[in-house]
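Same chain, two partners: chain A is paired with chain B first, then with chain C.
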Partner chain A sequence: MNSLTETKRRPTDWQGAEMQKRIAGRYAAERRFKAMGMAAIALSASFLAFLLVVMVGNGFLGFTQTELPVEIDFPAVTGGASPSQFQGPNAEANLQVMGLREIVDSSIEIQYGPEGTDLFSSGAWTAVSAKILADPDIVEQKSTVNLPVVSDLDVAYKDEGNPEAEAKVSELSGQFSTGFNWNFLSNSDATDPMQVGIWGAFKGSLITMIVTLMLAFPVGVLAALYLEEYAPKNRLTDLIEVSINNLAAVPSIIFGLLGLAVFLNFFGMPRSGALVGGLTLALMTMPVIVISGRNAVKSVPPSIREAALGIGASPLQVVFHHVLPLALPGILTGTIIGMARALGETAPLLMIGMRAFIATPPSGITDPATVLPVQIFLWSDEVDRGFVEKTSAAIIVLLLFLLIMNALAIYLRNRFETRW
Partner chain B sequence: MHDDQKTLEPNESVHMTDSATTGVNTEGGPPKMTARHVDVFYGDKQAINDVSIDVNMDSVTAFIGPSGCGKSTFLRCMNRMNDTIPIARVTGDITLEGEDIYAPKMDVVQLRARVGMVFQKPNPFPKSIYDNIAYGPRIHGLATGKEELDEIVESSLQRAGLWGEVKDRLQDSGTALSGGQQQRLCIARAIAVDPEVILMDEPCSALDPIATAKIEELIHELRGKYAIVIVTHNMQQAARVSQKTAFFHLGTLVEYGETTDIFTNPREEKTRDYITGRYG
Partner chain C sequence: MTGATLLFLIIGLGLVAWFFGRLKAAGMQSGGKHSRSALHSLPNYHGWYVALWAILPAAIFLAVWSFASPALITDAALTSPAAAQLPQDAFARAAILSEARAIASGNQVNAFNPLSQSMVEPYRDAIAYYQMIGAVAALLMVFACGVYAWLQIKPDLRARTKIERVTMLVLLLASLIAIVTTVGIFLSLVFETARFFSMVSPIDFLFGTEWNPKAVAGPRGETGFGAIPLFWGTVFIGAIIAMIVAIPLGLMSAIYLTQYAPAKFRSWMKPILEVLAGVPTVVYGYFAALTVAPALRDFAVSIGISNASSESALAAGAVMGIMIIPFVSSMADDSIAAVPSAMRDGSLAMGATQSETIKKVLIPAALPGVVGGVLLAVSRAIGETMIVVMAAGLAANMTANPFSSVTTVTTQIVQLLTGDQEFDSPKTLAAFALGLVLFIVTLLLNLIALRVVKKYREAYE
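Our next item is the complex of A and B:
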């Protein structure tokens, strides 16, 4: 048998044509794979570039507003108000009794005719009040302030609006200027696109994220530690593991329904609040933290556990003095992924009533609130063309929020990283 | 080579007793640790079969034997490190100063402080050298203040022969040391909690010959202060560092006696075959 196979086998011809063909084929396969990989990267890079260019291009306009100059003769219309009235703690109250709105309206009518107020945004007078608070000395003299125009004109000036607005723009051309829209950073939702702001939604997102983190992180980490370090390996823990893995894959809207049924209907928590939103998102984030936490705990070398046990550390001390610090970078990575997903989540929050029109920023976890992605969703649904650029601007804010959150988490992770 | 001469000097009491093969000591003071009829099972598989042995304060005891003979398993029973393996089961009696270490009232955490362990692979914590040593005293509350802790760290490092090499860089990471230094750091860490017994599980198998020589020297110096049990694959090492040697084979204790006797005049055929390199 042995001799048979030996005689049958020809000496391998490493230089033969057949071998050369094999070699050529192998190189071709490598080249094909490299080309496909590079094409995939180029494609995703171009998608990303496209997204960034479009978003920044559109969104940038959302941070600016079109303005027209209005001359206000402060000494005449206020009857000689002094700058000292608008300093100190009573400044805001004095501004309110002054009837600034009427003052501004009449000044506009003097300059632009009886229909002049239609040119300006309904909240234009608030810009004057902000100016006075910033620099009270202007009430002593005749000053010219740039006030935001009405949304239709804003759109027509920046881009292309309806025919009436376009006609108005060409009529007043030369007088327009562009200013930074501070309102967008400090206001909340409004019906007038010139007056909307991102602050309310931003604050809502921040509070919701804090609630989510406060709940999902400790619970997720404790669950991961217990399952890895303490729990006996049996059928029950296998079942729990499978359940947690499945939970991570459940569509987010289901969590919204769960939140609606449990937190709102059963526990009767306040509707639309950051508390319920945060709890719902925590349910969604927790499995991600548990899974990544378990992997991180599993990757801590057993020799460290033995070393600690060997000098008489209790199992609890082993976990909290050695395993957890070493696993923390991995746990944080999972937490970033989970929190980033929670930050961008819209569907479950719609189910628990966070899609309401909220014009004041929330001041606590039970106040009605909205979050950035829901705000983006709501604005994208608006008919008014002025909302288009606001939507893009809100997206930029959301992406920046995400970027800052991730940067913070990466910084923390690197800080806790242990050099071996 | 000077190590050889030190150990192979004629021992103080070279009496072979009838109980030599069971490892039960019938001479001298009371043994530090005793084991009687110990069986260890991993699931259905029996890893240790009826081992009885005594460990004395004044001698280094070496466990030798081929791979898989159960010497490490037995060593890990002596401070209940096997507890961490859920399927491991230990029967029989092991005592530390007459106390049954497997008794329900025995506190495992305290036991492991009293019976310290040094592992095969150096496993310092990824912390500073200082914190590596100070960790044990801290968790057991052995030092009342910073000064006392500093003192414990210094004396432990000195006993482990590492003080001179690291005294200027106590805040450096313990993992930045060389392999031999790491292993001495681990020994210092074990000493710092003031144990009575130190178990060493092949402490030199990951080290080069120079680092090995240093560890062996250290074992010599620690002898008498602590009861030392060392598992080794290296028969020359057993001959160099130990006064008593136990030969394990297939989970049973084949022979236990004075190291000089085991190496020069073994009673069992198997022992003779093993130490002369005929198998194993």
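Our next item is the complex of A and C:
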């Protein structure tokens, strides 16, 4: 279209049918585009909702256990033990001497026949033991105790299990009851899904996080202060900044390789320990703390520094007496977010051997330990169907902790962060 | 005396030193606060001055000692009569000595070799002897340096300046840890990779098409380390499938939230979408393996794909894409917000509808930023481990069929390193070679992305 024809063109007839059609088309495209945006949001949010619903739906059952009632005639089977035997420091030893396990097994056999013990979880007697320790007076009478059933039955009762277990469940239907699975909160890893718990992994996570925090927080804050307040503009500073930005983007598994090659093989630190795990995660978390710390330090207005300098404070006093306290809420927010990420991290810890079967909770930083996400990974690999709900239950616990940490970060930000 | 107790003792003595230093300085000050003899620094700084003098030299000495003493201990143990029976072969000798050392320091209970057992006593004696020397020397240093610093306290001692110099050094050291870590990553990867390449040719590794480390037999002439199928699987899951999910969803979410949504909706929806990035990857992996993968396989079978795998590339890639949505959307959000509003207003004033403005003005103007964001997202996706370990397979296939199983670099790293192989086998070393490739690729992607974003930012400033 050249300029000659353009000048001769008649004014557009906006009311004409053709133009109206075009405008309608454009408006329709507008609506379609807007709907697409809305659909994208809805789809993303529904993925999240679906994920949470699946996990909570599966995991909810992991906190419960199926139980069958067993009548135990304590005076008869214990030969008239008195409640005082099960109080005080010797209580557990006395239970051992009494042979509680056999007592429980024989009571089960009386009620459910010679094959009856197959119905119950191998750790069922510990439930009786806990009951006696909590209330020793029950040994003076006949009492009925609800004991956890074997994993196959548990799965069959809650959901759908193998045919034999389903048959057994329908045979015994009406006698089952559901109780809260306290073992899940107090036990560690086990081979029997009815006996597993997250306490060991939780404690491992806690110790690892403490090591991470003790290392990453001071180093991260000091580095942030240096880079933001004192660093001269030179090549070294540039190099530090590039390194920190790169470290923040390095895949986490690479940190695991570093931990394996340097901490385990070069320095010979104990394998699988919380110390190495914490060190590795600290290297990962440190850049996050530095970056958020720098932003927090940057947001403190220069007038504060100038006022402090003006009344005679040294550059170091300016920072440690005035800038750091004001930036601390922001730094803490960033630290909590970094720690939340470290808490959910799995891959680097697999590299440094924190994937062993750990049946006792760690008691120090060099003991073999595992952490919550690794425990989830290990259980997800188990063939036994009883582990499915336990895995999801552990995921719920992990997500709960992440939620708490993030909520804390948001609270800190809203409560203490000053908008200058 | 173990190292930890010694350290606590030194720190305790440091606190004592701080107290005395402060006391002396405060005594000088009370003489005349406003007279000519007023202190240069506050008493606190004098306290810290003495404390640092007491702690630092001893701590540095202990650090050096802990590196030097093992050699001294071994020498001392070798002079014992029991050492005369040791074999001449250097390798066997070293094995016995290290076993004896482990028993003597309590890391091991029983010896496999009777000779080691005979070396335990000399070792234990030598360790106790040198530990005692180290501890006594360190404590002497604490006292000597502490007293020296204490004697130095005078009103005109520039204690604050000196403390500040030390603090500044500590700040600098803290920042240098980032460089040390980067160099540590690079060196450890390069070192192990070099050892791997001394066993397997780099050409075979980078361009070979057969990945089967389990079948590798002999110490020389290994095959089965061709990593091309892994690279393809990584790209297929992380850069293709995941991005097909993440780019449209992330981009459209960002557009809707920035351009259409009311402020209130936006302030609610943005954090909710960001939760997607905060969910631990092990949870995504479990979700992909337990829920998504079986559903996709059933779907594939129902539409007539009979060889659909239950560990399909599609399941891992799609879940990874969901995880990446917030990254894409927040990068797109930033770059759309950075487009000058004059451009947007101009387009709207010309009569373009909002969607026309977005498609023809905002997106083209924000494109470099969006591309940078996508590159960052890709680098994140190819380094992601748990989702693929749990949901993608181990079969190294070169296929573009999303319903079949492929394997990735990160899956194989985990697979190679979580067995019980000795550390020198080509299998474990191959993991480091894969790690190096991953490190370099993610580094390059990040550098390119940051450069693109920076250039684009400059264009509008």
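Throughout what follows, the second predicted complex is superposed on the first by the 366 of 420 C-alpha atoms of A that agree within 3 Å, B and C clash if a C-alpha of one lies under 4 Å from a C-alpha of the other, contacts with A are read in each partner's own complex, and residues count from 1 in each chain.
By our rule, a residue touches a chain if its C-beta (ideal position, glycine included) is under 8 Å from a C-beta of that chain, and two chains touch if they have at least 3 such contacts.
The structure presented is a predicted model; accordingly, all values stated were derived computationally and were not measured.
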Exercise. With chain A superposed, do chain B and chain C clash or fit?
Worked result: fit
Exercise. Thinking of the overlay built on chain A, is A:326 touched by chain B (first), by chain C (second), by both, or by neither?
Worked result: first
Exercise. Where does A:335 make contact in the superposed view: on chain B (first), on chain C (second), on both, or on neither?
Worked result: neither
Exercise. Given the touch rule stated above, what does A:314 touch, chain B (first), chain C (second), both, or neither?
Worked result: both
For this session: Check whether A:208 is in contact with chain B, with chain C, with both or with neither, and answer first, second, both or neither.
Result: neither
Exercise. Touching A:252, do we find chain B (first), chain C (second), both, or neither?
Worked result: second
Exercise. Which of the two, chain B or chain C, is in touch with more residues of chain A?
Worked result: C
Exercise. With the two structures laid over each other on chain A, which partner does A:233 touch: chain B (first), chain C (second), both, or neither?
Worked result: first
Problem set entry | Three-chain overlay, closest Cα atoms of chain B and chain C, distance in Å | 7
Problem set entry | Those residues of chain A which chain B touches in one complex and chain C touches in the other | 314
For this session: Spell out the residues on chain A that touch chain C in their complex, using ranges where they run on.
Result: 26-27, 29-30, 32-34, 36-41, 43-45, 47-48, 51, 54-55, 58, 218-220, 222-223, 225-227, 230-231, 239-240, 243-247, 249-255, 257-258, 260-262, 265-266, 283, 286-287, 290, 314-316, 340-341, 343-347, 350-351, 355, 373-374, 376-377, 380, 388, 391-392, 395, 398-399, 402, 406
Exercise. Considering the complex alone, what residue numbers of chain C touch chain A?
Worked result: 160, 164, 167-168, 170-172, 174-179, 181-182, 184-185, 188-189, 191-192, 248-253, 255-257, 259-261, 269, 272-273, 275-276, 278-287, 289-291, 322, 325, 353-356, 358-359, 376, 379-380, 382-386, 389-390, 410, 413-414, 417-418, 423, 431-432, 435, 438-439, 442-443, 446, 450
Exercise. Okay, in this complex, where on chain B does chain A touch?
Worked result: 79, 81, 84, 86, 109-114, 116-119, 121, 123-126, 135-136, 139-140, 173, 175, 186, 189-190, 192-193
Exercise. What part of chain A is in contact with chain B in the complex they form?
Worked result: 232-233, 301, 303-314, 317, 321-322, 326, 418-420
